[in-house]
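Take a look at the structure below.
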């Protein structure tokens, strides 16, 4: 099954991934993780919710922690160009028989919820409260010095289907892993905002969130975070890394929050805005696509993910790979 | 004079700045500078021209060195979405009574030359030969490890006019310096590709090129370049830096090639794709806008620029500032 | 006047520079500078004194801030091998008709004060209270992440005399600047602990302290400090840098505390323990000895220093250099 | 068995570890590894030997590659204070019934070979040819930018015995791992030159060389090496890392040369010259002593080492640990 041709004329204009809500069971612990350790900035909080932004973001939130009984992932949020695009988006999802529900979201203008065909809950809006820039308030930088939310990565039971759907919405594939035997997609990285990805899909029992990712300035910030986590009680929350991905060329670290939600800390990437950008193909049998430097990822990294609220999970159609692979 | 409203519906779609031709008087010396010292990759060369690309670029060239008797800047090159946009572009420039000349450019498909109203030579094309990725061929990385061309910066005799023109083409202002007394623009940074700028304008005798810029991974690469240049005979070509700009928040270094063409080495920046991004205003009297850390730029940095081929230079309408300023 | 031969059999064994007392006029401001901004750790404090250590130090203090009416520098502290060496030291200074005064110093065992022939107040001791290691308590790292005190640098009215005296005590010259015309020393870097220097001397009205220095892990920590200082009200306290010294090859930054005491932030250096290490000679006319990258130091850096308590200052015998130089 | 008291009055003065000879089976491959990849500088070579130094070293060689039929480690070289100390050294080894053989070593003055009680071949000398400094010839820096040889690490069948012997020679313990059950040493790091170690010993079948180590400027140089090795055919020679050791606090990478000789690339460390420095004790059951960040070392790292020429290997007296540990 070949990659779909990139779609430069989507039904509405998605600017970028924007934010996600994570349901967490212990607000104090999660605050210690995301605020005190990672260094995200609190923009609002009450008993039930903490709103967070990263250092160069001017939108009100990129991450919302919501107190709940079970760890879950709420909506993956995307920003569209303006209100007319928002209406076109609602119309389009409706026309596909996907559920559209207009919701109230604090700090966001008109917002609707829907789901992709696999059940991933999505949220679209055009305007969010804008806050004063803080990227030059260096006294506020701490932890890993997160600059901005970078992407979502999801387990998909059928990556070909996921790519086809998001391709229709204008997400363009930058790199992908192909299962040579079946000719089907094992994993794909797709973007709207001009980097390697806004959202990626990996073959696996799903839909589940594999991770969200934050962009940081240099690999040394990641080393600082490792030193900090390993001497402040978070050593067991370090899952994989540091390392360099073959795919995306990113310098990475994967960590788990107190509820098992995975975050990637990410730097290096490349510009992907050329319309004639050629997607880079990786062979499922090439271990360097995962870690350029050769060290394998731990088993948990291939198996563990977080459930989306209200989504029904099913097994991956391609099954688990004979070699462990994303 | 207020900033113009951003134009999200330009007459044609410019993807990004793409390349520039520099006329140099000694090919061997310029090769030593750009290839051996900066670390750009040669993609083609003959007696008269050297074509160069940076490490993550797949287009054939971002910089062309052409042998000539006098140092000059040739066309500033921009990539448009596709051939139909190219034709619309040619039509638009013609409709503005700006000269349109279709030219043969090796490694580029259909290309036309034109000028902006101040006389800056511009070049538009849609497709350039694509080369194999080399961003993971780490044995090729050397010098400052340049990843991609980032922007052009030009002296303009009337920045308000420059901004108005490029705004019409869809370039959006991210930061600007205002002369409080006159309410006029002193300088402005405008982008197409989602960073702080593709092209910036600074009040001064012009049009002249102030600098082109390359993006590098971390400040340590800039320190490496300083060490290299200062011990291989290039110490006098180091003009300003390293430092942090207030404007753009970039970590920077300015160097001069053997003919006096200025290059900025640049890292850190931020994502500017939100349509509701608020431009950041700087006061002409705030010295930290130039160097956040306080050290002033040398006089040459405010005065020296390179002539564009065939352009007539005139004095800045606002005159030189009472305080030296970009 | 040639360099004296290194003295491997000094009258007593000085292990390393250890600490210094700075008299400051506003304890709160100085605390904000050294603790909140630089990131030194408070080990004790009362109304009159703050004791500080850097992150890898286990001795109780490397810097003591003492409240006073006028900015001054107290004793330069050195650690000797043991109490018997301390007694030999006291005996030796007495035999040279230099004043020896036994003093009580909190957290130090037996300590005596004396002066070098130019009047620099010195303090010797063998044991200081040892504190628990904190170099792996990464939550405590902040500011520039200072690891240890590295050296003192003093203006000397006669560098040949200074070097001769400290050479007798076993300090070995690693690099030096010679005034070619007179054949006399302009500046010299001398060490006990195996790096480029524990104490250095520079021709100038003196004795005065030019600066004390702290060692930090990487140049990026210095860049972090610059960003922090320039956005928290300390921008005018940044005096020179960042840059690379020709002499010592150090990556440096010079900053001034609220009373004008100068601190160098320093990284990179080299191992100097070989007994047959050849001192590196620099010509006074070589501007790269000061800044390898070519940019000159500001005038204040050549002229400003802090007075030692009780020391009489006199003009440099060599006068000011025709070119401004350390 | 408690740690022996540090011996500040050894029978002769060893300045530091100096160099090592590795017997390699394919000179071209080894040259590609150490010169082209790691970036060591060739100071002499013929068909049978390549002499190498690191960037800040002025002694002629820190590593000698010698062609042979089987991979082996030759003498571990140490520099003593002067010729009289060399003679005292020879006398001392003779008095201990250890073999003393005076040998010709190119570029070294008088040199003798001996063995420690477990059979590790040692070599002592006082003077080696001194070369011109190259630490500021930045055009020569490549690969991992190795600055100097840092230490040796050996498997010892009885670490208590090894430490007792080297302690007598003035090597001082900085950190150690104790087997709580038996109260015996599992591993120990001992120094002469003021860092964490010149030579370390780890419980294991021995004597065998576990690794030699080179000091590099920053963690980013190690990341550069990983990127280079993994894209130039050396990915399988990356064994462990990058990571931070609990012990020594070093940022590390372990790589294997074409014959399986292991090299550690090492940065961060701390100053250990205080005579009252307290050795840091680690529990054998604490996994963070090996990797502060928690990820385990591969099995090969605990088992693989290189044979010393002419040494008889025996099993570790403490046996293999119930938990794999150095």
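To keep things simple, chains are lettered A, B, C and D as they appear, and every chain counts its residues starting from 1.
By definition in this document, contacts are C-beta pairs under 8 Å (C-beta built on N, C-alpha and C of every residue); 3 or more make two chains touch, one makes a residue touch a chain.
What you are looking at is a predicted structure, and each value in this text was computed from that prediction instead of being measured.
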item: Separation of subunit D from subunit A in steps, with touching chains one step apart; value: 1
item: Winner on C-beta contact pairs when C-D is weighed against A-C; value: C-D
item: Chain whose average C-alpha position is farthest from subunit C's own; value: A
item: Approximate Å spacing (C-alpha centroids) for the pair subunit B, subunit C; value: 44
item: Rounded Å distance, subunit C centre to subunit D centre (Cα mean); value: 33
item: Whole-Å gap between the CA centroids of subunit A and subunit C; value: 50
item: Subunit A, residues touching no fewer than two other chains; value: 136, 218-220, 227, 230-231, 292
item: Contact set on subunit D toward subunit B in their complex; value: 136-139, 218, 220, 224, 227-228, 230-232
item: In the complex with subunit D, residue positions of subunit A that touch it; value: 218-220, 223, 226-227, 229-231, 235-236, 238, 242, 244, 251, 288, 292-295
item: For the subunit A and subunit B complex, residues of the former touching the latter; value: 8, 15-16, 56, 58-59, 79, 81-82, 127, 130, 133, 135-136, 147-148, 193-194, 217-220, 246, 249, 268, 270-271, 273-278, 280, 292
